[in-house]
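Single-structure report; data block below.
Each chain carries a letter (A, B and C) given by its place in the written order, and its residues are counted from 1.
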Amino acid sequence: MGGIYALIAVGLGLQYGVGRVLNVSHGEFIMLGAFATWTLYTVFGISPLISLVICGPVLFVLGFIIHRTLFQYLRGKSESIGAFADNSLLASFGLLFIIQNVALLIWKADIRGYSYLESSVSIFGALFAAHRLVALLFAVGISLVFYYFLTRTRLGKAIRAAAEDPETAQVMGVNIHRVLAICFGLGALMAAFAGVLISMMYEMQPTMGLEYTIIAIIVVVLGGLGSITGSLIGGFILGLIGSIVTYFDPGLSLIAYYVMFILLLLVRPTGIFGK
Amino acid sequence: MRILEGEGVRKYFGGLAALHNVNFNINQGEAVGLIGPNGAGKTTLFNLISGSLPATAGEIRYKGKKITGLKPYQICKKGVARTFQSAQLFAGLTVFENALAASLFGKKRAISVPDAEKEAKELLEFVGLSTVGAVLARDLPVANQKRLEVARALATKPELLLFDEVMAGLNPTEMAQAMELITKIRNKGITLFMIEHVMKAIMKVCDRIIVLHHGSKIAEGTPEEIATNRTVVEVYLGE
Amino acid sequence: MDIVRVVYKRPFTLGLLFLVLILLATIPLYVPPYPVISLTSVIMYIVITVGWAIFSGPTRYISLASAAFFGVGIYVSAILGQILPLPVLITFGGLVSFILALFIGLLTLRLKGMYFIIFTFGISELIRHFLLWWETNFMGTVGRWVVAVDHTTVYYIMLIISVIALLTTYLIRRSKFGLALRSIGENEEAATHIGINVTILKTITFAISAFFMGAAGAIMATRWTYIDPKIAFNPLFSFMPVLMAIFGGVGQLYGPVLGAALLAYLEELLITELPYYYMLLFGTILIIVILFLPSGLAGLIEKWRKRGSEGQYANTRR
């Protein structure tokens, strides 16, 4: 589970750290990924693993477009970064309402699920469900690929530069608008991946998005706002905590997260790796 | 009387020492300048005095009483006011409201609204802004914004006024007007502590100058002494 | 100050308001129950939104804790409904929220901007999950029944709460309290440097805002009769006031009222027929307002007014 949290958090972290947009509709993208996978699987029989490749790019494009149109317009209009942050937050609320309700209209409010790779696999004597392993594998895999992307490729470096100092980056020839939009799109991409993976393991409802958004926010704060690696590690930490707590009492897991979150905000708001 | 003194003042940001064991004192009625290259720690020192930031170590005393550790609003009520490097106004409020707010809240003893309104008007006249009372603070040109900041600071009835680069961004005419204003303020008996980069202004106005570099005091004296001080000249030319 | 002069210039508005109030007060006498109940819901939203705007309007701290305070009021009503008489119950609901807000405020009001928003939202959710967990583990069942009260009484009480809330908003705006709050909203650092005790002010205003939400919750619970954590702390109650206030415009006193009235009415219309469409609409409205109407409807209205009276005031003001 930590892997998935990490994915989600990295996605959100990208959007916030670079674009300064706290996208509360992030969870909705996850939900879209999950439902799209469901539809593809139950209606068309396409394996979820393949869905990764389909949904990802689609949501990436969606995210890209949304940023290009909505948020960049907002950015231009806002008087200050602070105002932009507030406005974009509210705008993403609007998005949340829209996306969630469109989904409700399409798929109705019922809980859905499907089973895939349900068989158990035994590793070192412990039993795991196959799909969880696959999910973990993919989550870790994607995270690693992404990490490589950020540190090695030109685009990745451009993104990091933009995160550090947008103006200087612009002067250095980085097309800041495109980079920001790409970041947002990447965030959506991550959400999509997470959604697909989640759909393999859990049931889903169109209202599931919010919970994941909150978790993403907690992880991002835990890892440090603005630090992508922080989000990665934070995700795993949170997942670990969640698993431990769930072992004792399932209903407490969310509460544990919140309590940790509150403590975090009070004691060390910058998170583990924050600036 | 020593109106302000600092003893062993240190400020660390993480591992970085912004202020390194600074000792200073200012007598009532003086005008003391604070100069030094960028990054020397001047604004940080002001932040410590006004309470914006907590000191890592050391003590600052106002009129003999310790003020390190107090909140900014408490320090303000005691009689210390400051302006900021980039004018921190209440942008969406009118010029009048800016002054009024300071007048209402900045004093030890609260005054009535009508009295505060009168006072705010008088202050706006004093700094030369009486014609633009209804204008939004954000719509003012830079020089007037600075005047408003001064008016606001004065509204809190300070005995010590900290000016942070009040001349920055002003053209020569505006600078001359600012200098006049400073003289008027001094004539009211208010002690001034000024950060400035505009040497001409500092030399003319101040009785004494303190020089900071890399968080430490490297020199202190009258304007003539400082102008001929080799260390100071090197520090500035070397940058 | 500007606000004072404006009021003296508009006794007409005062008279109009009085008329509206009398109209609203007498409605239950000649109108069938269903519209009255709808109207109660609308007024409830007005109370929550106006309550929200008391704090979040001038200080620009967007609080998403409304659901927490509203829900607390509901629960107080549920738990103590048998014991306390109605007026005391309502006040108590408000008070508990007030105290909770003081507590939360002291803890978190040093968090700026984004953190504050996230934190307040987290509080609402935390309380919800906590109660859910508590009820499942210690009470066997989830949810409670509340003593029912007839719709007319509920309506009147809600109306009274709304009037008090509006009066409070008005008084705060006019007073130096209000100026201090706006100063904090404009530039908190500067505000603290001119002698404003920012922490105390923010906390108290936050608590006042919570009081109204709690009171509204306490009375509304008697209307719904069955509540559980999911209903009482529905995040929607945190989002809606924000949306309504922004739509109506926080710059003016009537802004949140207008926004809440319009959107709540819209909700009443659409909720039975097309529930998902109305949320969609809200989302779209929110985005449109953010993009094109940052000062909300009130901003628009004020612009028209200024254009209309530009000629008259040309000599006097500028």
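Going forward, a contact is a pair of C-beta atoms (placed from the backbone, for glycine too) under 8 Å apart; a residue touches a chain by one contact, two chains touch by 3 or more.
Since the structure is predicted, the reported quantities are computational estimates derived from the model, not experimental observations.
Averaging Cα atoms per chain gives one point for each, and the point farthest from that of chain B is the centre of A. A comparison of the B-C and A-C interfaces places the larger number of contacting C-beta pairs at A-C.
With centres computed from Cα atoms alone, the innermost chain of the structure is C. In whole angstrom, the spacing between the mean C-alpha positions of chain A and chain B is 47. Between chain B and chain C the centroid-to-centroid distance comes to 41 Å (mean Cα coordinates, whole Å).
Chain A and chain C have centres, each the mean of its CA atoms, that are 32 Å apart. Counting partners per residue, chain A has no residue that reaches two or more other chains. Every residue of chain B that touches chain C in the complex is listed here, in rising order: 50, 52, 71-73, 76-77, 81-82, 84, 88-94, 97, 100-102, 104-107, 113, 116-117, 134, 152-153, 155-156. Chain contact summary for the complex, chain C toward chain A: residues 60, 62, 107-108, 111, 113-115, 117-119, 121-123, 125-126, 129-130, 132-133, 136-137, 235, 239, 242-243, 246, 276-277, 279-280, 282-287, 290-291, 294.
Those residues of chain C whose C-beta lies close enough to touch chain B in the complex are 1-2, 176, 179-180, 182-183, 185-187, 189-199, 317-318.
Residue ranges of chain A in contact with chain C, taken from their complex: 22, 70, 73-74, 77, 82, 85-87, 89-91, 93-102, 104-105, 210, 214, 217-218, 221, 249, 251-252, 254-255, 258-259, 261-262, 265-266, 269.
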